[in-house]
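In the part that follows, the structures are each spelled out as structure tokens.
Two complexes are shown next, each including chain A; its partner changes from chain B in the first to chain C in the second.
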Partner chain A sequence: MTEALISDGPVARIPAVNLSSPLTMEGNDVADAISGESEGDPTLNNMIAIENLRLWYGEHQALHGITMNIRERYVTAFIGPSGCGKSTLLRCVNRMNDRIADCRIQGRVSLDGMDIYEPKVDVVRLRTRVGMVFQKPNPFPKTIYENIAFAPRIHGVAQKGSEMDELVETCLRRAGLWDEVKDKLQQPGTALSGGQQQRLCIARTIAVRPDVILMDEPCSALDPIATAKIEELIDELKNEFTIVIVTHNMQQAARVSDYTAFFYLGALVEYQDTNTMFTSPHKTQTEDYITGRFG
Partner chain B sequence: MPRHTLSRFDTELVALDDLILSMFKLTQHNIKGALKAIYSGDEALAEKVTSQDEAVNALEVQIDELARRLIVTHQPAASDLRQVFAATKIVTDLERISDLAIDIAGEVARLDVGAERVGQLKVMQKLVMAQIKGARKAYFDRDVEAAHQVIEQDGVVNDAYEACQRVMLTLMLESTKQITSYLALSNVAAGLGRIGDHITNIAEMTIYMVIRHEVRHVSPERIQALIQEQDDDD
Partner chain C sequence: MSNIDLTPSIRRRYRAEIRFKLYCISAVAFALLFLAFFFVDLVSRGWPALQQAQVRAEVSYSAAVEAGQYRKAIDKSLRRIASRGWLRTLPLYLSEHPERVGEKEVLWITADSAVDQYLKGHPNTLKAKQRKLADRLYAEGKLRLGFNWDFFTRGDSKLPELAGIYSAIVGTIYVLFLTMVFALPIGIMTAIYLEEFAPDNRLIRLIEVNINNLAAIPSIMFGLLGLAIFINFFGVPRSSALVGGLTLALMTLPVIIISARAALKAVPDSIREGALGVGASPWQALWHHILPLAMPGILTGSIIGLAQAMGETAPLIIVGMIAYIPDEPTNVLEAATVLPAQIFTWAGEPMRAYAERTAAGILVLLAVLLSLNGFAIWLRRRFERSW
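Moving on to the complex of A and B:
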């Protein structure tokens, strides 16, 4: 079981991060980052606040004091080479790392002000608020209809009958899948194409009305057309959900995200609005990575 | 700068700069030739300058094509993107400069007085030639200070142009029979002034390429401050 070690002392108030400035949040910089005077844009709300997050897999430290805020109803992309900690960090946001036996975490992750690592937090409830879409589509071995209806029924989001029918249709429509599956709702979800399965998984995720959708390389197993459909969907969903996407495809990060964070060796190197990140990064490491001159 | 993982990309960026260098050289050659024709009244030389414009146009197209290919095949980002973007803007300015050189050469046929009678024109010529030489060096050395000097120099060119026009006006009033010649020289001065503006654009794109700040429509003082800020960041 994961040991969530949260410091006993009072947690410093996190100022709204000024995303127009470069951020380097590693080691001792964290203290400066959380005591800074930047007030940011008051009209922008931070849905997720990560403070000095450190994570170990056994003896190996995978995250080195990450501090960053993720804005509500924007798309934030995590980029970086393999092993940089981006997926690990993503999984911290809905406590997926709890399932890893020798994983230890220090620091704080807040969802809309609530520390998600507090003992009283119901992890199942947390995961309805923070949904996740994985690299490989993983529909339930059930019908298309049941893939959507299953979680809302368990969590009491909707009852059987017309209310559920309506929810299923709404979610499939919002995932851009309704027209393709409306005549085969009783067929297994696994019979769909890869791209359709991924959109089914997104429809399933939004069915429980989460605040945040985490996407871990959601298009890496898809062809370009299916990828474009997912990207189009992300663009629409950000009006209602906060989306965090891990991607190895930098053009995808540049296309779909509003903010981009670059990680290297478990540290947050730079966090910028996406346009700045891909045209004028401030850090040499970022520049080298996104121009393909890394290592 | 570290080498790109894909060596072909670096090779193509070098090829892009090689083509821009060729275009710079040809354009400088054309300005020089056009002014020489003006001072010597050599219409054959003026014709030669005009015929060389095709090579400049061909280079512009070739550079744009390479830039398009680079974008499609490599999706450049950050400094690479700025280099490719700057290249496409700079070649447009170089092509326009070459066109202006042809326009200048075209005035030879209307001249029946020596251009040396307007001393300010020589001043403009020297300034503009120094400006384009500076812009070329700044681009290839990625030298923002040198680019900034080129931009500052544009003010001097503009002042020289105004002085030139005042002299020309006086000469036109004094010898109305030669008004066509002085109008032609006035066009030469105007052409040099516009060339100065295009060279300034090139210097601005050079600064953008190197320090990532957009400096078009920004005062030289503010540009200097941005360069200083960048130095402090580095």
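Moving on to the complex of A and C:
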């Protein structure tokens, strides 16, 4: 269990899969969508498996038995109207909900086959494997360099000096930020523009080499150009990371994701590959939402 | 355009607005007036204490003086003019410097407070004969009003011309240092626990409510608590800087806890989540990210809390720090007094010369408090951050 958590990034690298092959082989409903186990197709590995997850904030039940699998190295989008539980579900995957005092959880969330809610799971280690990018860019009010170097340093991943310099550069390059900030690494990260800040946050997240990156409406505070850059980045990062993105923007879900899950009132309504979802959804509720008839 | 005729009601509303504004302005003006009156009065009363009558006299360090007949050190005619208290220090001085016995020296020596008050034109007890003498000496340039160094270099005295704030200042430094040593770590750590780690349950809420209430308790209660716990139970010496520091620490704790919690609360949650999100432990998130951001606020609150403690008199009355303590303490267990306590003591003295010393003492205390608060404001401005 804990061995798995220290493991140095994903173990097996699987070649890209034909996206047109639907997640659900035959069925039209959620039950089929979620049962899409990887047994049939060995190239489809489930990074995250959520089984009958129920969650309460005090007396209020926010999630009603969610069951779904999230594919390794694909982008999965969570869509749905406000308050449908998509962010709540996202925050279950790195146990950010632990911070909320009256939050209770039943069910199972497993990462690479390991139940992350087992008592012996170390939350700190879990969060190095499941990184998170938040709605509002939240760079640390320190230098750009320090923003990236903080996590590797506390985890002892890189030594101070040239090793760290290299790591910082690599992360900034992969976040597509290097050329913009290479001359001002010692300036505060908070002085960057919103889009740059968000890419800095992504760079900070990949610095600990997680398996999964959770993104909670990462573009909702950004202008269209900055949004396009982030989307481009997501497209590149999915070669290496499993990405789960919560978004209010249906076009965005259609553009960046491979799979899309539609939530409504704390329940998973439909979960399909993105093409099917946006061209021929199986549920009328989904169709109504996607076409803007409600939500 | 509205279809309703608003003209009369709008005029009325504007008039009400102007009236209300005038009330507010006059309230501010009143407050400023009081403040101005307070300062002018204090300065005009306290200012003379910075000057002290001094008389030019030939001091002979004779053997008789060393033996204790200190009045023989100066000419007989000046004995009513010079300060008896000053002359009384000579035998001790000579016993410490025996090589000077037999020498003579012309010095400006401190004059009696009656002479001092006479020179300043204040009511005094000087007799007609001595007034004449003083006038003559003054005309000859042998009597003057010089800068009152004694006020800053001497401790309390029963002779007003020799009374100073030195021992009170030393005592204040001791007490405030101890208050800081006890209250800062406990207060900040309590705030950190309550704000960052404590679960949200009934017990914690009870503790929070009580801390908030403690901040509003009359300070004399803390004096009683200090008396009961530190003096009666733990046997800390009465009047000592230690018991004063501990008592004031008790009093300052709630203020420090509340302000430190407010500073921690002001750090946005997104910073915590950002740090936790990259796998920092709660302690690392706190140490690397939250504390540095909250520190200016914590320090500002602590300085204001300490400044409040510095001006506090009531709890110190109970633990015996209001007493005649002429000598500065050399360690935390010796009897000490503090500035406000010294001011309180002088305020009760009937002699006129003490009144001006009281005002001067208040001026010194005010100057220190204002600079402390100014420093706190500077800190807050310097590190202020908007999210």
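Heads up, the rule we're going with is that the second predicted complex is superposed on the first by the 254 of 295 C-alpha atoms of A that agree within 3 Å, B and C clash if a C-alpha of one lies under 4 Å from a C-alpha of the other, contacts with A are read in each partner's own complex, and residues count from 1 in each chain.
The criterion applied here is as follows: a residue touches a chain if its C-beta (ideal position, glycine included) is under 8 Å from a C-beta of that chain, and two chains touch if they have at least 3 such contacts.
If you're wondering where the values come from, they're calculated on a predicted model, not measured in any experiment.
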Next item on the list: Would you mind checking whether chain B and chain C clash or fit side by side on chain A after the superposition?
Entry: fit
Next item on the list: Between chain B and chain C, point out the one touching more chain A residues.
Entry: C
Next item on the list: Go through the superposed model and pick first if A:104 touches only chain B, second if only chain C, both, or neither.
Entry: neither
Note to self: Let me test your reading of the model: by the given contact rule, A:155 touches which partner, first (chain B), second (chain C), both or neither?
What the structure shows: second
Item checked: Closest Cα approach, chain C to chain B, once both complexes are overlaid on chain A (Å) -> 32
Next item on the list: Name the residues of chain A shared by its contacts with chain B and its contacts with chain C.
Entry: none
Next item on the list: Please name which positions on chain B make contact with chain A in the complex.
Entry: 1-6, 9, 74-82, 212, 233
Check: Considering the complex alone, what residue numbers of chain A touch chain C?
Finding: 94, 96, 99, 101-102, 124-125, 127-128, 131-132, 134, 136, 138-141, 150-151, 154-155, 201, 204-205, 207-208
Notebook entry, point to check: Inside the complex, what are the residues of chain A that reach chain B?
Noted result: 250-251, 254, 278-282, 286-288, 290-295
Check: Quick one: in the complex, what on chain C touches chain A?
Finding: 199-200, 268, 270-281, 284, 288-289, 293, 385
